[in-house]
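Labels run A, B, C, D, E and F following the written order; every chain starts at residue 1.
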Amino acid sequence: MKIGVVVSEGPYTHQAADTAYHFVKAALDGGHEVPRVFFYHDGVNVSTRLSVPPQDERHIQNNWTNLAKEHDIDLVVCIAAAQRRGLLDENEANRQGKDANNIADGFRISGLGQLIEMGIQTDRLVTFGD
Amino acid sequence: MSTLHTVNKSPFATQTLMSCLNHCKDGDAVLMIEDGVYGALANSGMADFVRAKSASLAIYVMSPDTAARGLAEDKLLGEVSGVDYAGFVDLVAKHDRTQSWL
Amino acid sequence: MSDVKKFLYVNRKAPYGTIYALESLEVVLIGAAFEQDVSLAFLDDGVFQLTKGQNTDGIGIKNFSPTFRALGDFEVTKLYVEKDSLEERGLSPDDLQEIMYEDEDDDWEEKPSIRLVSRAEMADVMADQDVVLSF
Amino acid sequence: MSTLHTVNKSPFATQTLMSCLNHCKDGDAVLMIEDGVYGALANSGMADFVRAKSASLAIYVMSPDTAARGLAEDKLLGEVSGVDYAGFVDLVAKHDRTQSWL
Amino acid sequence: MSDVKKFLYVNRKAPYGTIYALESLEVVLIGAAFEQDVSLAFLDDGVFQLTKGQNTDGIGIKNFSPTFRALGDFEVTKLYVEKDSLEERGLSPDDLQEIMYEDEDDDWEEKPSIRLVSRAEMADVMADQDVVLSF
Amino acid sequence: MKIGVVVSEGPYTHQAADTAYHFVKAALDGGHEVPRVFFYHDGVNVSTRLSVPPQDERHIQNNWTNLAKEHDIDLVVCIAAAQRRGLLDENEANRQGKDANNIADGFRISGLGQLIEMGIQTDRLVTFGD
């Protein structure tokens, strides 16, 4: 079965990004497909490559990057939500005249249409938020 | 046709569980996750309400979340079944849609 | 399954205190281009999103409530509002904005987009969807 | 010695206002801000509780927040006084400490 | 005002679902070095922070509950826990961790740090502070 | 009177950073001192210089930067909270081996001791959060 996933809250502050991660792993282990995870609201903050959690804590962004690589998951960060909150890739940074970017490997910035498309193309949609 | 509802908030902090349970249809399933698992406590002020709803709903609780919070099995309502993340996925697949009560 | 899916946007949070109401509306506007069967549900504190007379000058945040009145132009015409939620908050339907659309199947007659429903009817609306997005 | 309490959550969504009001001392002040201003609605299920508490507490509401949310004066409890940000500052200065109910 | 202030850390949220409980504890540990008069309040869902037997292996988040037992070493010895909050949740004091400190003013006798208080007594504790930090 | 302020939630998602801003302005207008604002929890996200809000929305980070310059307010971002969430200044980025930094002008990263110190040295402390 194709399952789409939405993550609506940022890393560490809420458990949503953790629960979503464990859910996606279990879905893949169970033989399902997770073609895309859409990061919206504060969920866009999961995509930063600048986080440095304490050594004895999980690294939420790395976990997603690795899982996406291993299973070819499309990690989409909503552009409108990301702009408000200061998440940019290199293209966006150039376009906006910003001197730095902070998106991690494996995530890509795109529009809300990707969320609707995921809703249309998957059999189930599950949201993790606050 | 049935719905899996997820609730991730403590019923002592927010009205979310109450609202969810009041919008379920007979035969739906409710899965308590994250801080939502406190809704499965057997001796709380919420227990009678949840127990009554379990007559027409299948109510589940995420065992990894109850363990994290130190809620032993004997503290939880007998009407509520524990599942792990694989069980969560099975519930999503089994029901026609998932509604997250945020 | 037909190639048109039923999408429900569930709004349970008040406006301005958090951004969910605004960012929900942004999804609805983008989603309208996909020609799906769209409904919006307003229950619990979500009913506060539709109050009339919102004036945000004092808090310095953009007032997005006029956007609800533009939804008809995007063919988003089904706004289900839960009566029980209004009553618990001491609100009446008169406290909400008037939101109209032109019904293309009925000689473009102007009709109200807000449909007042009981809690049980809201449960029926929710149970009749393919995709439920929660805000 | 008295305390200014602030509440920024809707009483229909969370238990915060209830908990705050149940921990105030006579003579304290309570200021409803942000989504907390819904606690000042005159005809809601919360109104009697708030009105009763106003006998021993001074209850205020942020007018910029009620205006933003379209809550006209005649919708609000007469026992609750509107203030602006300057009034908020005055309340902070007047009371010995501020406790934010988050 | 004396140069020692009374600091109260108010904990009203459950652990793990959000980070507030953990980041509150981080402030308490750093704050201990400032030799102020420190108290912690646990009420509403904050009482869940102190349950015994927490095992977070399944959710992949660090279990920080043992840190509460170390607070005595930092001379943080006043943990006020509201009885009414426990009862509403169907918990008893036996469901909480044992947290002890050695009383330097009483021949280093081991004493419990948790002080069960009624809601009215919690209100008194709150009203007796110089600085209240809420989590 | 000296008033210390804590901001505990991120920009745009919660109103906290807005309310705190209006409160601090009113306090200064009323003749009070606000020597420091401490950003904790998701409040650290206010300090990003990479945000690009829509043109018709307020620019929360710029508002804080400008207010701090005008009134000499010490805007302190908690280092522990910032590291988890991916907010770094140039020093921290170098120290952590990160290839970018994202802290805005007027904010500085420091420890939780600055929060306690603010509690000790001010007459009132007000927290804005969720």
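Please note the rule applied: contacts are C-beta pairs under 8 Å (C-beta built on N, C-alpha and C of every residue); 3 or more make two chains touch, one makes a residue touch a chain.
Source: prediction; values computed, not measured.
S.K.: Looking at the contacts, which chains touch chain C and chain D alike?
M.R.: B, F
S.K.: To reach chain E from chain B by way of touching chains, what is the minimum number of steps?
M.R.: The least step count works out to 1.
S.K.: With chain centres taken as the means of their Cα atoms, state the distance from chain D to chain F in Å.
M.R.: Centres of chain D and chain F (C-alpha means) sit 26 Å apart.
S.K.: Could you state the distance in Å from the CA-based centre of chain B to that of chain F?
M.R.: Chain B and chain F have C-alpha centres separated by 38 Å.
S.K.: Specify, in ascending order, the residues of chain E that touch 2 or more different other chains.
M.R.: In chain E, residues 16-20, 44, 59, 61, 131-132, 134 touch at least two other chains, as defined above.
S.K.: Could you list which residues of chain A touch at least two other chains?
M.R.: 12-13, 15, 19, 22, 41, 57, 80, 125, 127, 129-130
S.K.: Which residue numbers or ranges of chain B touch two or more of the other chains?
M.R.: Residue numbers touching two or more other chains: 8, 12-13, 15, 34-35, 64, 84, 97-98, 100, 102.
S.K.: For this structure, enumerate the chain pairs that meet the touch criterion.
M.R.: Listed by label, chains in contact pair as A-B, A-C, A-E, A-F, B-C, B-D, B-E, C-D, C-F, D-E, D-F, E-F.
S.K.: Which residues of chain C touch chain D in the complex?
M.R.: By the definition above, chain C touches chain D via 13-18, 44-45, 48, 51-59, 61, 63, 65, 88-91, 95.
S.K.: Which residues of chain B touch chain A once you look at their complex with the stated criterion?
M.R.: Chain B residues touching chain A: 6, 8, 33-35, 64, 84-86, 88-90, 92-93, 97-98, 100, 102.
S.K.: Sort out for me which residues of chain F touch chain D in the complex.
M.R.: Per the touch definition, chain F meets chain D at residues 1, 3, 8, 15-16, 19, 22-23, 25-27, 29-30, 32, 124-130.
S.K.: Enumerate the contact residues on chain B facing chain D in the complex.
M.R.: 12-15
S.K.: Can you list the residues on chain F that touch chain C in the complex?
M.R.: Interface residues on chain F, with respect to chain C: 12-15, 18-19, 21-22, 56-58, 130.
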